[in-house]
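So, here come the structures, one by one.
Two complexes are shown next, each including chain A; its partner changes from chain B in the first to chain C in the second.
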Partner chain A sequence: MEAVRNAFDFSDFPRLDLWVAGGVLAFLLVFPALPHSSFAMTIMIQFLMFSLYGMGWNTIGGYAGQVDLGKAQYNGIGAYTTAVMMVRWDVPFWVSMPVGMALAVGWSFIIGYPLFRLKGHYFAIATIATSLILKDVFEVWDFVGAAKGMEIPIRKNLPDFLYLQFKQDYYYYYILLALFLVGLLYLNAFRHSRLGFQLRAIKDNEDVARSLGIDAHWCKIKAYAVATAFVAVVGSFHACYNFNIEPEDVMSLDLSILIAMMALLGGAGSLWGPIIGAAILVPLKSYLGDWLGASAGLVGLNLVIYGGIIMLIAAVQPRGVWGMVEAALARRRGDHGAA
Partner chain B sequence: METLLPELLRSLVSGLLMGMVFALVALGLTVIFGVMDIVNFAHGEFLMIGMYTTLVTAPFLGVDPTLTLPLAGVVGAALGLACYFGVVQFLLRGPMVAQLLGTFGLMLVLRNVALLFMGSEPRSVHKGWLVGQSWLVGPGVVLESTKLAAAVLSIVSFVAVWWLIRRTKTGMALTATSLDKEGARYVGISTERMNGLSWAIGGASVAIAGGLLVNFWPVDPNVGLLFTMIAFATVALGGFGSIRGAFLAGILIGLIVSLPTVWDAFIRFAGLGDFSIHSFKYTFVYIIYFLIMVIRPQGLFGWKQ
Partner chain C sequence: MALLEVTEVSKEFGGLTANQDISFCLDQGEVLGLIGPNGAGKTTLFNCIAGHFPVTRGKIVFDGRDITPLKAFDVARLGLARTFQIFQASGDLKVAENVMVGAFMRTGSRRQARGRAEAWLDFLEIAETGQYMLSELPVARQKRVALATALATEPKLLLLDEVAAGLIRAEIEGMVTLLRRIHQEKGIALLLTEHVLEMVMALSHRVIVLESGRKIAEGEPQAVVKDPEVIRAYLGDHFVKRAGEASHA
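Now for the complex of A and B:
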């Protein structure tokens, strides 16, 4: 019961935050009704997907401070579970999604156990390795279509809510928005939970946390599982939204790094951070690609600018955009000690 | 036995030679890591730029690709210095995540600048002293001159860097910086300059590796990632910051990569069907890396943890 109360308890945020958050939520709710291009719709769906990825990553990477660069493997497990179950046994999305989540979480426990013996760089690079191993396996595994991947057949009667197939994108949008809100409320509860406090203690000083009786290793594994669950759900959704999945697409290292990037850029360890990061990076990447990419005959220039911006933010304010906002607000209030 | 033995010898030799190239690629990374504890995601991109330097300047200057290696080294060193003083020194103030983020951005920039100017199609060096030369040195064992030259230069580079670090005053200052930054500053070592120097050495060695590699490995803007991963694995295996470790680990990884060829030959020889593991070539590298990291995080020869 307390968890439910905590989920709706936003009282520790400044009023300004809540007004902005409310405004954004209102915009998200009415967005499909506003005049928009299909390109803008694609971007909004991507934004919601990456917000969810980022929120999940934030539990392990933000609150616990463990830089995990292997999240794509769980995206792949989620996406492939849904695709395989749909193609081979005709199982609806709402059944295969929890199954995919369970498989991903199970796998995360198996590799999380040895993984969290490592720290810092060692941990970060080892997560990359685990993700690449799984991708290599999927690329030769015939049951899941090997390197060609899987294609979900289109159903006869659309819209199909059981199998998540729609002609119009706004159906996908609202389903994703619902997942997004559930995720946000869950994270708000997570923030206040025992595990949330334990993780922040571990991030600040692991030795002190352990001396207080916190089982740091087990706490990290639990946070890793929570992050995995988020990513796997979005992976399942991705399979239905894209119809076509392949290892290079759903399990690539680029995706792993992008997931971490969203949260880091926005500000890891804060509730709004991943959402801000996704709101900046997703449109930036898409629009730069649209203006300067292949269509303008300048392949690569968009990603040069994109990489440059990431580099700049990392060099100027390592706590991300949210860190910049907090610093600016603190300066205006005149108290330099805070933030 | 007639078919198995030459196959075995051949993959052993090619694994050994390839391993020395991997070691040379990893040398720069281990120097940088040893001195300043930073993971450079753009390492493979430095290699890619070295490859392009040789590819482009050799026909432009009208000389053999082999002669452009010093130029590749200079370009690599300049690039390393530019990256350090332009970006990396600002990243050091932040936490580890800022370094990951920043060098990842650097990787994107370098990769796509290459894409912008060179296009995406793979290119390779077609003529030169080394290209196409090979000798039959044993029953079925062919020694390609490109790989042999790369291996020899790898040994030379390792000896040079080892000498620089162990036998010169600058090298001692580098070691001091990596052991204790504060302490080094107290005794009057400019750690800023030492960091810059490590990036210059790192950039130069990896760019030279690129100049050698392009003789037998086609280059495209995305070639870097595989080598970044192999270099990470090599450095981790040998121990972060250990030069001797990087060399031995490189050879070990070369042999691991050539294992599937041996396996396939064996399977064919034993008549066990065609269960090929060739596509898992690099997977083994990641698996070994993961196991080493978990069982012995400081690597085989490392002292830093």
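Now for the complex of A and C:
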């Protein structure tokens, strides 16, 4: 099938990219076997989670160019579906995860249909609003534990692969790494697909896109659903990894902005962008968190720093760190003039 | 049988009437020119026909179907393609990928879309530009890419909004040759606007003249340019009088 062939087709990348990607992959595969601190393991797990968030966001925010700042609501739907199904009905992760994904995608259609009638900033603001409203609902909804959230009870026999409970973090790490690789291959097929091309045409110019038979509104809704599916899966995983979820934690505005930042910083609309963004931002955020946590007065400084990074990207290189790297490589190869 | 039938189409923007009761037909395989000074309403009429603007009044039938209420993407899928007067070159797509977007209207397969895109770039004699970004090309090449992208949707009728604008004489001649080939070899009907006359004159079987949103003349290109109404629309009353004096002398 062509989609499968497309998933493994990296031929449009220069050889250097593929060597670097291969090296990173080898490192990711052996990392748990290397000597490391538990802090480093936590960071690596977060790196994989945020890479997946960012890869999802990149479909709507990067390829389609629609700045979505409300992804936390779908993280919440994924996390809560898994937690509620596990706590109340003893349903395994591998069942609740696709259910959470389906619920999140269903909700994304309801949200996306009216929201994609809005343009630019209005769209971005509306995504923030819908996410905050859903969070407020969860904070007062007793069935899901209201503001206290939900706690998944520890199982008797560990490791438990059905319910995703492990003593050692490397189990979580490898499951996440598998999801990461599947996600990466999916996105590689996505960017080669008809929808992938149509989204980039929409980002370029919507009127031109329409004249080429593209239903821009519907294409955006589809991309939004793909982004949502990614985020919801990570949300489900997060519930098992953390045991404990609450609205402020899984549906915060902070999280929505961070998700967008991964791709924006790394390079929106490129396959590697969100991964590069996560590799920079996740350690930064963890060290900042540790460092600022000690001085309680500085809560909120992280938002100031994110704001600064966004302004810097907008001013220096809209295509993020990856854009800078590509530009530098192009200069070194010598500028090829116009044909 | 008429491929496109426009019947008493009007388009108002607030108080401004950009098109007023415009009617005309375009036959299968015909090349029809639409001329008129700047601001006459040519682009607006294109936007109405292609479904980018809803019309205020009137009816548009394409290939036997009433397309008046349809959106632009549905009109495109029926086989009516267009190029844009204002054309910004930017974005993440390379030239060949841009053309593939057009081809993707008719196929879901990337392999097929790429093959068709390459064939159209080849047909328009810009095969070597495929791997460049649009913004790296000179304007004349960019216009050909826009043409290739529209053609890749496999249209029956192509609307061209000032494809010659911004081109130098030699490039205009190249464009005329290309459009003639598109029409003759591919059998695609053309509706072209231009406020520069020479291109329309060279290509069109018939010409329609717009002024201030109204149709003021229609006919063979050579007859239309001699029409005093048309000369006045283009050059002002002053020139009509001078032309009259010259023919008396």
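Everything below uses one rule, namely that the second predicted complex is superposed on the first by the 308 of 339 C-alpha atoms of A that agree within 3 Å, B and C clash if a C-alpha of one lies under 4 Å from a C-alpha of the other, contacts with A are read in each partner's own complex, and residues count from 1 in each chain.
Heads up, the rule we're going with is that a residue touches a chain if its C-beta (ideal position, glycine included) is under 8 Å from a C-beta of that chain, and two chains touch if they have at least 3 such contacts.
In this text, all values refer to a predicted model and were calculated from it rather than measured experimentally.
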item: Partner chain in contact with A:Ile45 - chain B first, chain C second, else both or neither; value: neither
item: First (chain B), second (chain C), both or neither touched by A:Glu2; value: second
item: First, second, both or neither for A:Ile245, with chain B first and chain C second; value: neither
item: Contact breadth on chain A, by residue count: chain C or chain B; value: B
item: First (chain B), second (chain C), both or neither touched by A:Arg210; value: second
item: Which of chain B and chain C A:Gly269 touches, first, second, both or neither; value: second
item: Partner chain(s) touched by A:Arg194 [first = chain B, second = chain C, both, neither]; value: second
item: Complex interface listing, chain C residues touching chain A; value: 50-52, 71-73, 76-77, 81-82, 84, 88, 90-93, 97-98, 100-102, 104-105, 108-111, 113, 128-129, 132, 136-138, 141, 149-150, 153
item: Touching residues (chain side chain A, partner chain B) in the complex; value: 61, 67, 69, 114-115, 117-118, 120-122, 124-126, 128-130, 132-133, 136-137, 139-140, 253, 257, 260-261, 264-265, 268, 298-304, 306-316, 318-319
item: Residue ranges of chain B in contact with chain A within the complex; value: 37, 39, 87, 90-91, 93-102, 104-109, 111-116, 119-120, 221, 225, 229, 232-233, 236, 240, 279-280, 282-283, 286-287, 289-290, 293-294, 297
item: Residue numbers on chain A that touch chain C, as the complex places them; value: 2, 6, 63, 192-194, 197-198, 200-201, 203-205, 207-216, 269, 338-339
